[in-house]
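Letters A, B, C and D mark the chains in the order given here, with residues in each chain numbered from 1 onward.
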């Protein structure tokens, strides 16, 4: 799946490039887009299913900088899913080639008890659909 | 009251200066510091008094830039308080003189009902103490 | 002119709503969109005209909260422009009505000398076009 | 080396905890503190040595959440340094135990040419000093 947008000025830093802490945010936006595409936007996951999706592991490899005004795309997919965790992998690309790659691993918590619960069926099916 | 700290690199932008959206955050940090000093840190306000402090108005006048590594101070105080609202005014200063001035106006909401409630006694007394 | 998008999860805070420091960022995104529409994206303003657009004054009035997943639009225009400054006004709206209003005043600096220069012709013409 | 501070409200998200994208920022603050302690604050590294320190790899493992108002410490050190890269490892701790662990790998670029240069002597010596 591909999520696209442009760099905002407030995402740059005094090196003149996108600050590295924005890439986890781009990944989050991509996941939000994914949930919308499978018909289960995150607000619905939270309200209807009563779960929070929690990040347990994050890796980013930075290859090339993004600058203000650059258009980029995040090419991403679920690469792994078992009963309690799932993993997304990401490749961020601009006209300049691969900008960064990344990986995030997640679990689901019951919003009330904060206990880990199994990955909901909609996400399992979503994985196959995309 | 004076709140002090240094600029973090991630607060700068591609103009090489602190991005303007950080000043409301500096003001929030200053207010948090104030609540700590009067013995009522915001987490206690939220938990014990069951209220949220909400921002209703923000003004910032930007005079000079702050750069990465600059030390600055926020000189601030409550300038106005009636039954339902209160106002903070701020002056941000670095070695370079006045960097910015600002003003924020707030009300208090009951955390459950989200209705406006009167400003709690601890904030009233805090105003006099400082 | 109208700029539209959805709230990202990382823009929310522990009150469950969009943190107030994001509104100046939304305004900046709207201005960036405006510059694109008049054929002068900000990166071109910086590179070709050699100027920085600098914020000198910011006002935001917060009326209602935005929550995660909300779609919103920023309805905005240039309301004032003289030789050295120009002003944008904004209304942020969601399905819920007016969320916030705001105003930003700007000047232009020569990127080399950091001296104030007159507002470039492209922005003057842009004002009329939109 | 230990870097300490408290969670700011604007760092929380609608899950009521610190948003994960702040941890890379905490790591950056810790590195900034380190450079100050060895007498080479980053602004001096940039100006005097003419280099940028660039992040090439980031890993974070999230164990427990941080909430608004929590005090935390980042216990960190350089664990690896060769001619062109160096690695920091971090453990974030609160009263609650280990909150997160992380790792960042860096290279140095000449600010003019943007080419990789060898790690400057001051950082090499800093590594031994701390």
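As a working rule, a contact is a pair of C-beta atoms (placed from the backbone, for glycine too) under 8 Å apart; a residue touches a chain by one contact, two chains touch by 3 or more.
Source: prediction; values computed, not measured.
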Common touching chains of chain C and chain B: A, D
Greatest separation from chain C - chain, by CA centre: D
Chain pair with more C-beta contacts, A-B versus A-D: A-D
Chain B-chain D separation of Cα centroids, rounded to whole Å: 27
Inter-chain centre distance, chain A versus chain B - centres from mean C-alpha coordinates, in Å: 32
Whole-Å gap between the CA centroids of chain A and chain D: 23
Of all residues in chain D, the ones touching two or more other chains: 9-10, 21, 25, 28, 67-68
Of all residues in chain B, those that touch chain C in their complex: 15, 20-22, 24-25, 28, 52, 54-62
Residue ranges of chain B in contact with chain D within the complex: 8-10, 25, 28-29, 32, 41-43, 67-69
In the complex with chain B, residue positions of chain A that touch it: 9-10, 12-14, 16-17, 19, 21, 67-68
